[in-house]
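Please read through the structure below; I'll follow up with questions.
For reference, chains read A, B, C and D in written order, and residue numbers begin at 1 within each chain.
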Amino acid sequence: MRREDTVVTENIEIARNIYQVTFKGEIVSEMTEPGQFLHLRTSDQYMPLLRRPISICDVDIDRQECTMLYRADGEGTKQLSDKRQGDQLDVLGPLGNGFPLDTIKGETALLVGGGIGVPPLYYLSKKLVEKGVNVFHVLGFASAEDTFYKQQFSELGETIITTIDGSLGYQGFVTNYILEEQPPYDILYSCGPTPMLNAIEQQLHPERAYFSFEERMGCGIGACFACVCHVQGDETGTSYKKVCSDGPVFPTGVIQL
Amino acid sequence: MSKKLSIKLPGLEMKNPIMPASGCFGFGREFSKLYDLSSLGAIGIKATTEESRFGNPTPRVAETPGGMLNAIGLQNPGLEKVVSEELPFLESYDVPILANIAGTKTEDYVNVAEKVAKAPNVTALELNISCPNVKEGGISFGTDPEVAAALTKAVKEVSEVPVYVKLSPNVADIVTIAQAVEQAGADGLSMINTLLGMRIDLKTQQPILANRAGGLSGPAIKPVAVRMIYEVSQRVSIPIIGMGGITTADDVIEFFLAGASAVAVGTANFVNPFICPELIDELEERLSTMKVDNINELVGRSWSSCYNQS
Amino acid sequence: MSKKLSIKLPGLEMKNPIMPASGCFGFGREFSKLYDLSSLGAIGIKATTEESRFGNPTPRVAETPGGMLNAIGLQNPGLEKVVSEELPFLESYDVPILANIAGTKTEDYVNVAEKVAKAPNVTALELNISCPNVKEGGISFGTDPEVAAALTKAVKEVSEVPVYVKLSPNVADIVTIAQAVEQAGADGLSMINTLLGMRIDLKTQQPILANRAGGLSGPAIKPVAVRMIYEVSQRVSIPIIGMGGITTADDVIEFFLAGASAVAVGTANFVNPFICPELIDELEERLSTMKVDNINELVGRSWSSCYNQS
Amino acid sequence: MRREDTVVTENIEIARNIYQVTFKGEIVSEMTEPGQFLHLRTSDQYMPLLRRPISICDVDIDRQECTMLYRADGEGTKQLSDKRQGDQLDVLGPLGNGFPLDTIKGETALLVGGGIGVPPLYYLSKKLVEKGVNVFHVLGFASAEDTFYKQQFSELGETIITTIDGSLGYQGFVTNYILEEQPPYDILYSCGPTPMLNAIEQQLHPERAYFSFEERMGCGIGACFACVCHVQGDETGTSYKKVCSDGPVFPTGVIQL
């Protein structure tokens, strides 16, 4: 983990308000674990003050380049979308614990992503494919215009797109599709909005699954206690996990959803 | 490291005047992976309470222009674990610990103070009488001079090490409170804690923080901190650890000129976790340029010297 | 202009809830060259004192992170000229005037209040009991509930128009003061005035402001203002004119959600002199998007409604 | 007077820490009076919060371009120096009252500038030359490296450079030169640091002279009372002038130096 002023090599809009930014820096050599995130400073002034956590989406270790996808929505991400090629980008990371790859024994992994939770699954999928794992992607979006990386995921394995309004692919939620079609899998990885993670846990009861969580962060390194979550089955109410340093990826059943 | 930066305060023999502020550095574990904690002047550890506390529900932080709000709610593992696990971990570093202690009743403070002060590396206590984020008291200790003085006295009676009292800025007259705790035996002051603030989310139409209000920190509050230190340092004779929005070496110098004898860096650690060692290096350089032999010389210069005003 | 923005407060029938804050708009002459002052909801004019005042020496302003300090020192041409020259000038516009009045003794306030309230276009008074920049009093009226109440009562007795009391944020408990002035007959509250702050120049090693300390305004103080309005609006039944760091239509809405019934824009006029008419336009649009029929509906929603908290 | 988001066409360093910025916009058509200033926003965030007053140095009405010279020193001017061609520049102005040209009867005008007070004299000089006035420039700098626009001024009239360290031109202050050489003039215009203006008034006792003043500003338009100055000979102590709207140019003898 380090802090580095990297250099933006590209920053383009790839779907409605969704941007793909690529930067170059030595820090990239440390980015070997999918599911980890970077903590970005979008302004060199203090507006906004805090860094923004964004997941690693793709890494090219040889070229020392890393790609992230983000939704330009609030103050910080809008600033990020103003960065041009050659601009500096202050990156802290890689942070947190990503998706475990060592433990995978099964032959098929189901990767379920929702909206802006999709990006970290791309690097994960690449790593799984490298290990010979069979990957199956179910990626949910609001609408066709919000969809991205369909092609990229398809190159790695079967890829189902679901949209809530049915404007592309299967109409409905990712869980609707999975319940209906019952794609077989040995392990499930997911990243997306909490209601989606909740639905997966409640409706699919996956035996082995890892979820990536989001929580507002301060430091991003475990020091400020901004990002704590309650632990399932903790009766004292004092047990906790920090999303930034204990997570953001946890096995199902750990975090109280 | 030359002698330019070394300072000596009650209980705190510091290689340099920079310490992380309580609550912004945990118990140092995370930062120990980033740099050698022995390079710091001191370490302000997270508030310790008698029992372990989970703190407030999330969201616990929100941003504001040039600042942030927090309502962590004094989450900490409790006295026992702090003494048995956290402080011993910090013993491997050559750095004095300023142990921040909090509570809801005088007895809590006294009990925690007595035990924490016995830890070999705790060389001073910081009485947090100003936490805005716990309902059951906290801040009320910080707004009433008599209550603050009584608490200070009670803690002083049991503490084996010098006691710094951390003042709340949410008062009309901070000088009176500072003088009251000085008279009650405080060895030093820490100022300032956070200002009380709030931010409302336009989508939910509710405060962003689950706790609703929270403590405002960061650059936005710096002018308030400088003003209070300027006022108080002229009216007390105990040293002040200054804090509130420090992000640059120039900020550190501004706090010294106002009357601080050491500084703590809080929020800036979140923006740049390497800020403390970076500030130490920059400060050394700045003092060379300014031809200042020891940073001590700068304490209170904005009111003590006869520099011409432009 | 639709009815979405119109509001009615004691003495102030406003086309929209936006008015420039006292001291940031002079007596309107300069801005009258930039846009039609009749488009404003109301105008808060510069504090008027009995005698003309030159104010403090310069420098009178300094910048801070996300904010600014001022120590103008209530410079104004005095009661007589305000009544004979400034107010008549403003009569050519169709806009109610909130006349800010200041003094150092109760009699000053009473005298100025009585005379200013008689001007035909002054439809409400704003009692400035919170100016941090005059030594001879000002702020002390704003930090003691009894003193504040007595002053309010005295002014209410002579004023022909409703009286708003402008509260100081430099207090531990703003609710008590708000309730005291409400009980004393105040028709409304203005909050907040500036926080006390200071900035020191590293070159001269002295405070930048000739007056040393000054009032902190601008975005930096917004969270403090929102928090105070949130607290006070739940405990009084008179309306609040909210101010402190407003720069966008979203800020205006945040103040309404917190509990304000109108807002004043201060410092932002210096950054963009066209800010007030721009905010009025943007606000109208925002309310349409939010499907709000009248901005009144938003007052205090952060504490009055049962919206789910995320 | 208006506020406009103009476009930067050039921004280059022309001497040690001295930059020349040119921008294009409709607002330029209003800039007909030398000695007026512009109030610039250097950041679209609120750091720094306030605008920066910078004098008009040159105007090309036809091309709608205006040039300013500034020293990149503090927070705002450093930000300004980061602007690149094509960037937006938020300009408010033109503000204040400039150097009066109508009243000029004499044949020779002496223009005395000090450091970053030199720029407004350039546009003034151009306008004077247009009116057939004979101009003589005495421009003082700290050192050769700080000197700028020598060539430009020379094209308009005789130009003496003075430097404190003698590294270029006459060694000494502008007043030393003038006292020594006694160049004849009918009217004097000056802009520069207050000590220089003071020396001119005290040592040269010019009969007809106009000085341009500087004071920290808030609004820049006369509404906030940040920039007031005491008036000479005012016994009550309550008379004042606002540098931003009554000035920045005043006849000598008005402002208490």
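Keep this in mind: a residue touches a chain if its C-beta (ideal position, glycine included) is under 8 Å from a C-beta of that chain, and two chains touch if they have at least 3 such contacts.
Keep in mind it's a predicted model, so treat the numbers as computed, not measured.
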Item checked: Target chain C, source chain B, minimum contact steps -> 1
Notebook entry, point to check: Out of curiosity, which chains are bumping into both chain A and chain B?
Noted result: C, D
Notebook entry, point to check: Once you find the CA centre of chain A and the CA centre of chain C, what distance in Å lies between them?
Noted result: 46
Margin query: Roughly how far is chain A from chain D, centre to centre by C-alpha average, rounded to an integer in Å?
Written below: 55
Note to self: Please tell me the distance, in whole Å, between the geometric centres of chain C and chain D computed from their C-alpha atoms.
What the structure shows: 36
Notebook entry, point to check: Multi-chain contacts in chain D: which residues touch at least two other chains?
Noted result: 46-47
Checklist line | chain C residues counted as touching two or more neighbouring chains | finding: 64-67, 218-219
Next item on the list: If every chain is a node and every touching pair an edge, decide which shape results: line, ring, star, complete or other.
Entry: complete
Margin query: Give the list of chain B residues in touch with chain C in this complex.
Written below: 64-67, 69, 143, 168, 170-173, 195-202, 204-207, 210, 212-213, 216, 218-224, 226-227, 230-231, 245, 250, 253-254, 257-258, 298, 301-302, 305, 307-310
Note to self: Give the list of chain C residues in touch with chain D in this complex.
What the structure shows: 23-26, 29-31, 33-34, 46, 52-55, 58-68, 70, 72, 75, 218-219, 247, 267, 269-274
Item checked: Parts of chain A lying in touch with chain B, wherever the complex brings them together -> 1, 3, 41, 46-51, 75, 92, 215-230, 237-238, 240, 245
Item checked: For the chain C and chain A complex, residues of the former touching the latter -> 65-66
Note to self: Please output the residues of chain D touching chain B within their complex, sorted ascending.
What the structure shows: 46-47
